[in-house]
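In order of appearance the chains are A, B, C and D, and numbering begins at 1 in each one.
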Amino acid sequence: MNAKTIIAKRVALEFEDGYVVNLGIGIPTLAADFLPTDVSVILQSENGFLGLAPLGGLVAEVDLVNAGGKSVSIMPGGAVFDSAMSFAIIRGGHVDVTVLGSLEVDQEGNLANWMVPGKLVPGMGGAMDLVSGAKKVIVAMEHTTKDGNPKILKKCTLPLTGKGVVNFIITNLCVFEVTPAGLLLIETAPGVTVDEVRTNTVAEFVIAPHVCTMPII
Amino acid sequence: MNAKTIIAKRVALEFEDGYVVNLGIGIPTLAADFLPTDVSVILQSENGFLGLAPLGGLVAEVDLVNAGGKSVSIMPGGAVFDSAMSFAIIRGGHVDVTVLGSLEVDQEGNLANWMVPGKLVPGMGGAMDLVSGAKKVIVAMEHTTKDGNPKILKKCTLPLTGKGVVNFIITNLCVFEVTPAGLLLIETAPGVTVDEVRTNTVAEFVIAPHVCTMPII
Amino acid sequence: MSKITTIEQALEFVQDNMTVMIGGFLGVGTPERLVDALVIKGTKNLIGIANDTAMLDKGVGRLVVSRQLKKAVVSHIGTNPETGRLMNAGELEVELIPQGTLAEQIRAGGAGLGGILTPTGLGTIVAEGKEVIKVDDREFLLEKPLKADVALIKAHTADTAGNLIFYRSARNFNPLMAMAAKVVIVEAENIVEKGQINPDHVVTPGIFVDWIIKG
Amino acid sequence: MSKITTIEQALEFVQDNMTVMIGGFLGVGTPERLVDALVIKGTKNLIGIANDTAMLDKGVGRLVVSRQLKKAVVSHIGTNPETGRLMNAGELEVELIPQGTLAEQIRAGGAGLGGILTPTGLGTIVAEGKEVIKVDDREFLLEKPLKADVALIKAHTADTAGNLIFYRSARNFNPLMAMAAKVVIVEAENIVEKGQINPDHVVTPGIFVDWIIKG
């Protein structure tokens, strides 16, 4: 199983039947493909609708794109609205889970994913509203950068997307829960040891008494 | 011509073609019946639609009432919305003229029409938003109470609906413009003298150099 | 899990001392069957948030007459003499709010905003005791968001996913209240299958709706 | 007076140095014919308010490439490399705003509110230099309303009274911007007679719309 699949499969287990979910571009979007058969979620697309169909589902429609600009389709029972309503839904706490990628995340639950000063400034889009409004915020990303540098830090160095907003960090190596006391290692990926997690993580973390292997197949 | 007709006819002359207009219950509503033939206005009903048909026009519809709860109908080209949108239209300055009745109005453009402490407390409904948001606020009322007591005062005695919000006062006796310097008498009703206005008005006012008779037939 | 239920089941969520939003404008757009059942159930000490207290025998007015409200948060009570009588007798607390402010406060409650900044009510008793915020030298009243435990909503048509459309002026406060309450109960004149409402015509997305009863 | 006009007539209202709102999300829902004509017209030093700067050859992105903007007020520029390049070169000012804040600021501009109180951006550089307002012990950022001289809007269908309906995700910022500008110009794919749109389906009431061109 490659890194992305591990992450996407594990993220999918966070969803309960009927949840309203907003998935960021990239790995987070993949999670929708791995839902348990008895779980169905309602995908919110911040550009203005509910009932986003999983990729590869229905035929893409004219004038219907996801928040990444990709042509998509809408499920029966979907609803379209303007951007103010879209973010009323997000800011108002009506999204159960949002899953986002990140450049950096730290042991205080801070998250940085919208700019690298002087280099890359895509902008925050809807990310700042999502992390401040969703009931549960999951960061889903590869544990380290392509060069092997740690992304889970003691303190983010990049401008923040949100302060103290992250609830869970799900990577190809492990799952951290963000608690008021700091990071708690609750699961490791199949075949990954706690030492491996430690080597690849700058942040301090506590190992849960019953740390277990991610229940993914 | 009775007092109400005089007022309604004179109010109607304040409307220009295409104006968005909100008319209060009572005399203000009558104004819609006296529009010049080359003027058509769009009536806003604060309970949630544009295109309110003048009374006695089309057949009343199910679940369609005006802000007074009276069954009404909607004109072709009308639009329905929720109460937040209705007051976004009002507060946002998208209503050209609002016409309201009043219990008291004073020489500073203050208006009191929503409660008589200890006696009558109907509530402000949409009136406070209308007077603060409409581009032009016209008070349309009989010049005195049924007992002949003045309603145009130096200073309102009742709790205000809006402070310094009135632009014109149109009564069965005259038209006052509210200027930064105070009330300016600009018209008298047919057959009414300036002295008659003075006798029935407590507020101080200045007589315009070219005070004329209301151009109503 | 189906959102369609019986009126008795739905009203299990309305308990004494709760804050309840009720749609409607002078009774138009009020879920009368839900109000009927709430009167029969006799739930007490409710805080009612609504545009008005309608009439003695119509809409929210019936909960005034049945003495089930301890407080009414409304913009208008003039059409229901009982509201004024109970208020003057000290048996019902009435908080009067300008209609546009009330609508926007409910929207803010649903939209996760900290409050609204409105010019409405400045210089009147509505402003008493409230914070005034200056923005670019203009003054605005800070009015707080409103939320509720339960909202009772009237819709023209609901689909089984809870998507709602409304008819004419029966829309009014209903879509706003559907966003601002923990439990949202809808009385729908018509119930259709999921997919039967054009997504572009939906006014209240189904995620806001918990329970639907046939009106 | 008819609201239907030619693209040339409509664009008379867009002049140098104006603030212009343009609907769309990554180009979807952007009035491309109006943008085409604006590029040809060459109006300069515009402040553009939009969700994003789309792509090099699509939507608002084309006004970046044609150097007609002095400032872009947007939530995202990542899909248009030219925006970043001009920003870094100091040739284009870019103000990045969280998407939900941007939408609500535009709505506030149209709705006559003094600003919005949002938790979004607290503790980030978005909050720098902005007022923080406490409401019941929770902190919120005060973000000011946004307005424009002109809004360029894309609709699916307009009636001759200016009532608009939108199609799918091409709705996005269009209905909000239509409320917040002095002059509103709509590019409609379809134009129908007044009365042909069910009043309950109207998203943007005709009173907001000044001019309509066929898209």
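Heads up, the rule we're going with is that a contact is a pair of C-beta atoms (placed from the backbone, for glycine too) under 8 Å apart; a residue touches a chain by one contact, two chains touch by 3 or more.
Being a predicted model, the structure only gives us computed values, none of them experimental.
Path length between subunit A and subunit B in the chain contact graph, taken as the least number of steps between touching chains: 2. Listed here as common contacts of subunit A and subunit D: C. Across B-C and A-C, the chain pair carrying more C-beta contacts is B-C. If you average the CA atoms of subunit B and of subunit C, the two centres end up 29 Å from each other. Computed from the mean C-alpha positions, the centre of subunit C lies at a distance of 32 Å from the centre of subunit D. Measuring from the averaged C-alpha position of subunit B to that of subunit D gives a distance of 35 Å.
Counting partners per residue, subunit B has 49, 74, 80-81, 84, 87, 90-91, 133 as the residues that reach two or more other chains. Touching of two or more other chains is recorded for residues 104, 107, 111-113, 118-119, 166-168, 171, 199-200 of subunit C.
If you sketch which chains touch which, the pattern fits none of the simple shapes: not an open path, not a single ring, not a star, and not all-to-all. Under the contact rule defined at the top, the touching pairs of chains are A-C, A-D, B-C, B-D, C-D.
Contacts from subunit A toward subunit C in the complex involve residues 17-18, 20, 42, 49-51, 74, 76-81, 84, 87-94, 133.
Those residues of subunit B that touch subunit C in the complex are listed here as 45-49, 61-65, 67, 69, 74, 80-84, 86-87, 90-91, 118, 120-129, 132-133, 159-164. Considering their complex, residues 104, 111-119, 133, 135-136, 138, 140, 142, 144, 165-168, 171, 199-201 of subunit D touch subunit C. Interface residues of subunit D facing subunit B in the complex, by the touch rule stated above, are 1, 107, 109-113, 159-161, 163, 179, 194-195, 199-200, 202, 205-208. Contact residues of subunit C toward subunit B in the complex are 25-29, 51-52, 74-79, 84, 87-88, 94, 96, 98-104, 106-107, 118-126, 156, 166-176, 203.
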